[in-house]
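Taking it in order: structure first as structure tokens, then the write-up.
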Amino acid sequence: MTTVEIAGIKRRRAKDNVFRYIVYALTFCCVAVSLIILFYIFQKGITCVNWDLFTKLPKPVGESGGGVLNAIVGSLMLVSVAAVIAIPLGISVGIFLADNRGKAKADRVSIAVDVLQGVPSIVVGMVIYVWVVKPLGIFSALSGSVALAIMMLPPIIKNTEETLVLIPNTLKEASLALGASDFRTTMRILLPTGIGGIFSGAMLGIARIAGEVAPLLFTAFGNPYLSFNLFKPVQSIPLIIFNYGTSPYDDWRRIAWGGSVILVGFILILNFIVKFFESRWKVQF
Amino acid sequence: MEHLKSELDSLRAELTQMYTLVHNQLEKAQDVFLENKTSLIKEIASTEKLVNAKELQIDSRCETILALFTPVAVDLRFVLSALKINTNLERIADIADGVSRMVVHSKVSFDKNLLVKIQAKEAFSQALAMFTCLEQAFEKEDTLLARDIFSKDKVIDQIMNNATGIAEEYSKDSPENLLQAIPLLSIMKMLERTGDHLKNIAEEIIFYAEAKVLKHAGKTSE
Amino acid sequence: MEGTILRTENLCAFFGTNQILKNINIDIPEKKVTAFMGPSGCGKTTFLRCINRMHELNPDARAEGKIRLHYEDVYQMDAMTLRRRVGMVFQRPNPFPTMSIEENVVAGFTLNGLKLKSKEKNEIVEDALKKVALWDEVKDKLGKRATSLSGGQQQRLCLARTVAMKPEVILLDEPTSALDPLSTAKIEDLLYELKGNYTLVIVTHNMQQAARISDMTAFFYLGELLEYDDTKKVFTNPKNEKTQNYITGRFG
């Protein structure tokens, strides 16, 4: 090798290494930041996490102790009703988009979904205030669920569409060649085959809205008491974090940190569930 | 490859039938020639048509196998040798037919003494023995048996070498004897060619079974 | 032709404005193997897919002319009923990955909403798997995922799935081109055995395969049917010069 070539190799290798280390460093920063946040939350809130937190209602100002039972129940209500609304709807739209890929009608729907995804969460809340809260005359869990459902739709739709598109066309053709209808093909072959991806889409949708507070400000509104009524206002964990976290009372702020721990813990667990089932349900074509 | 196997089996069966047909023709020719059984002449003529049809059938089957199955290795050698064996067998049948026609044509009865001198019977026997040997060699793929042919052929060649001299001698006795000597010599020559064809068949059997080409090489009978 | 099961009359096929098939007229005999061969893009696969109307799945696709199955016009029939009578095996083995081996065999029934009693189902499964020479290999693991089988086994499973529906015609689109030589040989033997009971139409890129297993061979070129005759005649003395050039490897 000539000296020119040797010099070239050294420089190239050096450049290669520089870029590699930059990437490592930036990755480390990102990961470090998330770990620091998690650590901080747990550190602040772990002292508050006890049996009371999960079973007691919030105490009035001045009294210490209490818990976030009503917020937990409320969050579960909001999320489950939102899921019941959004999941079937989202999957259906996803199927539509996957089936009609490339056609004009699918493109238009796709744009609409993108727009929906871009709508700020607080604006969604305001719209639902006008559409649901005003006609019903009351803040309610239902309106909160509807707002959350709207926010859940884009990730579920996108995930479903992408999962179905990845399924090789030959599977669909095999089913059709046996004389099956499009409907049966979708329900008995395509959806079961894509269940892994669709499920993660749903879980990620839930994880997304579990911590939303803006849309709930004008819809679910909040409730200091335990409520199971869809048509009454209801408390939720993000709301309680928002309200109690900004209050001047130490007790209340501690509750807020406890709620944060619960919320973050819930989302982490959800993510692990997604990862676990994704690999178990991975389908070989 | 079941399809190819069944085609090859059919080919083998057809060749075996061809062997049998031609063997019978040669035996009948011997009877016509040596024992003057002129009744057999018509049989030989009509069977000749069967032989020709069989030759075409075998050729067609070989063509089918080569075109449709592109056989390789032992299968290919079998088909190639089958084509040549087929041709040689058909020539032998032609010779048998030729012998019987010669007998008809010559319109003479052959002098028994001359026949003995010229060893016509021995030549025919050798040829028929070679034939039987080959049939077995083909059926059992026994190349040792096939190699026995070469020594037997040498016997026929030897008889042929002497035949010319004997015929000449005989003709000198009287010009009428030429009427016997000429056809007789022709028949002996045909027998020699039969031996050559049988030798070719033996070479083809060895080629197919051992992938050895013995054509044009110095042969030894083992 | 005697014993014709499928006949096309001036069949033309289009993708948008592109004409793929030009006036195909062919009689396909019953219970025999008919092979379609030709260079890439000649329209043989399009033609095959017209027969069971899979061609229509493409929104730009269009077909003109007639295809008759036992004198019935295929385009007047309900497409799903047609596809139950005319089965298809594809190039890449495509067993349903969420189903077990036995579920795959009876998938045609399940997907058509036909309920089977347990005894019936077992009989159908055993019969179909025996027909494709797969029974001995899988009889102890019928409940296992279909994707746990090897490529050759999966393709045989797909064939079993088709055969279980007792179709009148089986269409095969290059069924062995994704398989290794041993699996290919097994499937060819299988097709040879099946032809006594089923009509098989096979598209193949492999001329030697067409020569080995088919009774009739059709040669397609640029959307036209140039030659259609006994396989032996096509491979020993083709009438059309282009056919000869193709099979001797002088083009395509």
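In order of appearance the chains are A, B and C, and numbering begins at 1 in each one.
To be clear about the criterion, a residue touches a chain if its C-beta (ideal position, glycine included) is under 8 Å from a C-beta of that chain, and two chains touch if they have at least 3 such contacts.
No experiment lies behind these values; they were computed from the predicted model shown.
S.K.: Quick check of your reading of the touch definition: is the inter-chain graph here a line, ring, star, complete or other?
M.R.: Graph shape, chains as nodes and touching pairs as edges: a line.
S.K.: By C-alpha centroid distance to the whole-protein centroid, which chain wins?
M.R.: So the chain nearest the centre of the shown protein is C.
S.K.: Could you state the distance in Å from the CA-based centre of chain A to that of chain C?
M.R.: From the centre of chain A to the centre of chain C is 47 Å.
S.K.: I'd like the Å distance between the centres of chain A and chain B, where a centre is the mean of that chain's Cα atoms.
M.R.: 92
S.K.: Centroid of chain B to centroid of chain C, CA atoms only: how many Å?
M.R.: The computed centroid separation for chain B versus chain C comes out at 50 Å.
S.K.: Sort out for me which residues of chain B touch chain C in the complex.
M.R.: 1-4, 63-64, 67-70
S.K.: Within the complex, which stretch of chain A touches chain C?
M.R.: Residue positions touching the partner: 103, 168, 170-171, 173-181, 184-185, 188-189, 192-193, 195, 283-285.
S.K.: Can you name the residues of chain C that touch chain A in the complex?
M.R.: 52, 54, 57, 59, 80-84, 87-88, 90, 92, 94, 96-98, 107-108, 110-113, 147, 158, 161-162, 165
S.K.: What residues of chain C sit close enough to touch chain B in their complex?
M.R.: 185, 188-189, 192-193, 208, 211-213, 231-232, 235-236
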